[in-house]
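In the two assemblies presented below, chain A is common to both, partnered first by chain B and then by chain C.
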Partner chain A sequence: MSSSHLIGVFEDESGLVKAVEEIREKDLKIEEVFTPYPVHEVIHAMGTKSKLQVFAYFYGLFGALAVLAFLYWTSVIDWPINYGGKPFNSFPSFIIITIILTIFIVTVSSLATFSGRAKLWPGKQHKIYDLRATDDKFVIVVSKDKTDPEKLSTIQGIMKAHGAVEIREEEA
Partner chain B sequence: MKDQIRLSGSFKIATGILIGIGLVAFIAGFITDPDRTWANYLLNNYYFLMLALGAAFFIALQHISQAGWSAAFMRVGEAMAGYIPVAAIFFLLIIFGIHSLYEWSHPDAAAHDELIAHKIPYLNVPFFYIRMILYFALWILMIWLIRKASLRADQEGGLHWFHKSEHYSKILIFILAVTVSLSAVDWIKSIDVHWFSTLFALKNFVASFYHGVAILVLIVFLLHSKGYFEFLSGYHLHDFSRYIFMLAIVWGYFWFTQFMLIWYGNIPEETVYYVSRWGVGWKTLFFAEIVINWFIPFAVLLPTRTSRSKPVIFSVVILLIIGHYIDLYMQIIPGTTGMLQFGFIEAGTFLGFAGLFALTTGYWLSKAPLIPKNHPYLGESLEHHF
Partner chain C sequence: MYNREVRGPLIIGDKSFKQISTDILAPTETKPGKWWFAMMTLATLASIWGVYSIYITVSKGIGTWGVNNTVGWGWAIINFVWWIGIGHAGTAFSIFLLILRQKWRTSINRAAEAMTVFAVGCAAIFPALHMGRIWLAFFIFPYPNTRGPLWVNFNSPLFWDFIAITAYLLISFSFWYLGMLPDFATIRDRATSKVRKALYGFFSMGWVGSSRQWLRFESLAFILGGIAAVLVVSVHSIVSTDFAVSVEPGWHTTLFPPYFVVGAIFSGFAMVMTLMIIIRKLYKLGDYVTDGHLDAIARILTFISLIMGTAYLTEIFMAWYSGSEYEMFTFFKNRITGEYALQFWGMIICNALIPQLFWFKKVRSSLLIMLIISLFINLGMWFERFNIVITSLSKDYLPSAWASYTPTWVEVGTYVGTIGIFLAGVLMFFRYIPMIAVSEVKTVKDIGTRKYD
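Here is the complex of A and B:
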């Protein structure tokens, strides 16, 4: 797939955040932002909403109920064994297993959901626009194909105004 | 920025009335039912001491972790910890009611009870008092040093006193870990002198941190509604509710661990504690305790939106005031009077101590600027966002 991009490289996060905010105020689309570490303001500025928490909540609910049902089935219905005179449905002793397995289920299914949503899988060759984004630079990537050609110069101007150290176009 | 608190006349009158109610309840209680009154005296004194210790632990934790977001709220914690000397006086007065509270304090208790005889080298009245004085001396000393460092930093600035408070906080945390645990065993667990639990002290330590933070949040909110802390943002609220949320889980964890181990082990000298808390009426409180202190804060503060809402956190904190009372009620009353009752004596002593706690905290808040102005992380705290 061939596409061309406008890449702005920033020295620090405050300039990046301001540039992102201003570009989005003008109703222009940013394809992706790369930062060496998580910057919460960028997430706010990009206006992206994650539903991962909602998914995790329902995974947890499902996990807890499923594990309790499984424990009930094994120790009361399918194979009841008397341990030290305890009732078959020993609810307090189920709790620890439920907690641990719920955490496990939430972790694994959230990871799977996240990977699926972000189209990540083991061995995937990911497009890296600027290697320095893994070190000490902050990078904004704007798709040239999806942006009005005359708006590109506006974006370039915004980037420059907020201290972009490097702006280049890349055809790939 | 508005940062000097002056105690208004109506506040002093209100706390004065509360203390008056407490005194009346106390005197009336002594005439009608001294045992019950002493049990409530211990309960409420320990209740507010726990809040003060929790606040002390909170500020110590902020110092050693060099937390930025909480720098502006340190004075509230310091003011709450200022209640410790008051609690010390009330605890020393327990000498007059020690026989109503503790079975082991009876001179002939050891003679016909092998278990008490075995514990007498530790649980005897003189040593009980030596330990009590030691705990309070250590707490008051460390809190005084931290408070002094904080006030000196206001005058002199620089990082010297900041490092000093961090150093003191390390010592305080170590002291609190040992003494809060031992004092819980001394004052509360020894009511049920025949009972064994290794998790009891830890559970009360967590409870003190948990409810101390909840009351600290309440005080911040009350001051905010009076026009102080005008920088209070959703991010501060989120951090406060994360504290409450996290401690709700830890509290529930220890509550459940103690219960489950005893339930699972099923040894008579351990289960007797829960058997006496499983009767008619008690059972309701038993479940109310875990629902109020764990389930409701956990469920309510789980979503981001509710954990940034002031009314929601406020309601949770108000609920936790009740939750903390039930927690201590379940620990103290079955072993002392053994009767499930809530009347004027209970309500009155609670209100009296609450008034005293409010007055003491207000007094210490008014003694210093509300915002520690030379704290190196103050800017980060005022602009806190994530």
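Here is the complex of A and C:
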């Protein structure tokens, strides 16, 4: 599948932020913005939201219940052992394992979710529009196929107005 | 709100982003100096001795150690607690400061987390060896087995320990690795050789720095940070229950969990200071690890040292106040005076007194003195664990069961070996991984000039 893109390269954060905000205000679609470090205004303007924290909460809830159920089952139902006459369901001392294993479960499942949602895994093939985006340049990528030529020139104008040092088109 | 006029910049000099990457990535992109190879040789020799000692322990048994029926926990447990304590600061440092949004962490967190991972790895060796028959170590996993199924004792602090350390190792490693993804991508995209590109490309897992990735990256960092903060406090509390849940005089106290957690953070911060001074000096990264950074660590150490001193006094007070003759004996006859007085006073001097020198501005601005004090703290923390483990065990309730303890060369060798392994790990870290989080340092370049800092 061939696709072509309009790529705007910025030197600093402030120009990038203004350009992204203006493009988004005009309801024009940006495919993706690449930055060497997280720029919160850009993340905000792009409008993507992360539900990772909500997921993590439910992983934790599920994990805690699962661990408690497992401890109860092993210690009370499956093979109860009398430790000095103490109750089989020694709940207070189960809490420690529950906390630690809940943390363990939240970590592993959040990592898995992150890997899936952010599309990061070992050996993944990735598309790089500009090699300098992980170093010192801020890059806006707009899809040419999905945008009208008229709107494309507006975007180009905005990029130029906010000090893009390089605007180029790329066919791939 | 970061007031730049009061607190100064976090990076010295008006550097471009390119300059920051170049400065910090230089050690990974150039050949290391002669000192690196010399240290690596030393570390390898130490590790070889360690591996040989471990071989002797495993093939001949725990009888090759100096432990006996009375003092059943020797250097192995001392070193285990010592290493895990050092391993605490990386996460404590990185995560508490992340949650409190203290931006000065950015220059130090990577090295602190690296130290954590290696130290916890070293720590895990000791309880594994102490099991005696290490080839049956898998018995500790609660899996459905053909022995009943007989489950492990979920009320045992030793089992809690196993779970806590496993979880801690995994989480501190994940947090460390997560932070490295963007930096690996930077190395990958700067690389000129094919091998480098492929290798760092593999480890960067396809990081491109898109806004969607950054959004999720930060979400995950806060999730891991939030839960790992709980873990930092709980892991060393659990290690302390190994002692506190028993009825040994000197161990059976509610003071132990906070005392252990604070002690762990203390030794770990000292190790962070040692490492940062070395990194700053040998790699000339003084613009990133500024006097201000080291000054901040020194202030924290002073404060924690005061807490440690208070804890020591509290222990002694409670021994007297409890009215228990065994507690009295343990503290006054066995620790303060007696066979192990050297370790007791070593602990007091190194942990509670020497760090108080940091009150002086002159001390806080001399790299050499700071390095020496940080090493003293770790020595003192080793004494503290010796003090706890050996004095209580050697003379408890029954005088007929009293015994002394001296380590054999096998125990010493295992300890030296773990230091070697730790050193080798740190040296590899210096060589192949950016020592300072490049992407995070870029965010604090102009700190205090923007409205949301």
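Definition applied: the second predicted complex is superposed on the first by the 167 of 172 C-alpha atoms of A that agree within 3 Å, B and C clash if a C-alpha of one lies under 4 Å from a C-alpha of the other, contacts with A are read in each partner's own complex, and residues count from 1 in each chain.
Convention: contacts are C-beta pairs under 8 Å (C-beta built on N, C-alpha and C of every residue); 3 or more make two chains touch, one makes a residue touch a chain.
Model, not experiment: these values are computed from the prediction.
Asks: Go through the superposed model and pick first if A:136 touches only chain B, second if only chain C, both, or neither.
Replies: second
Asks: More residues of chain A are touched by which partner: chain B or chain C?
Replies: On the superposition, C touches more of the residues of chain A.
Asks: Let me test your reading of the model: by the given contact rule, A:95 touches which partner, first (chain B), second (chain C), both or neither?
Replies: A:95 contacts chain B only, not chain C.
Asks: Figure out whether A:40 sits in contact with chain B (first) or chain C (second), or with both, or with neither.
Replies: Both chain B and chain C are touched by A:40.
Asks: Based on the superposed arrangement, let me know which partner A:53 touches: chain B (first), chain C (second), both, or neither?
Replies: In the superposition, A:53 contacts both chain B and chain C.
Asks: Once chain A of both complexes is superposed, is A:84 in touch with chain B (first), chain C (second), both, or neither?
Replies: A:84 contacts chain B only, not chain C.
Asks: Looking at the overlay, does A:151 come into contact with chain B only (first), chain C only (second), both, or neither?
Replies: Touch partners of A:151: none, neither chain B nor chain C.
Asks: For chain A, give the residues common to its interface with chain B and its interface with chain C.
Replies: 40, 53, 86, 93, 96
Asks: For a test of understanding, state which residues of chain C touch chain A in their complex under the given definition.
Replies: Residues of chain C touching chain A: 16-18, 21, 142, 148-151, 153-155, 159-160, 163-164, 166-167, 170-171, 174, 181-182, 185-186, 188-190, 202-203, 205-220, 222-224, 227-228, 230-231, 234-235, 238, 241, 439-440, 442-443, 452.
Asks: What does chain B use to touch chain A in their complex?
Replies: Interface residues on chain B, with respect to chain A: 256, 259-260, 263-264, 266, 302-304, 385-386.
Asks: Residue numbers of chain A touching chain C in their complex, please.
Replies: 32-40, 42-43, 46, 48-50, 52-53, 56, 60, 71, 74-75, 78-79, 81, 83, 86, 90, 93-94, 96-97, 99-101, 103-104, 106-108, 110-111, 114-115, 117-128, 131-136
Asks: Mind pulling up the chain A residues that touch chain B in the complex?
Replies: 40-41, 53, 57, 84-86, 92-93, 95-96
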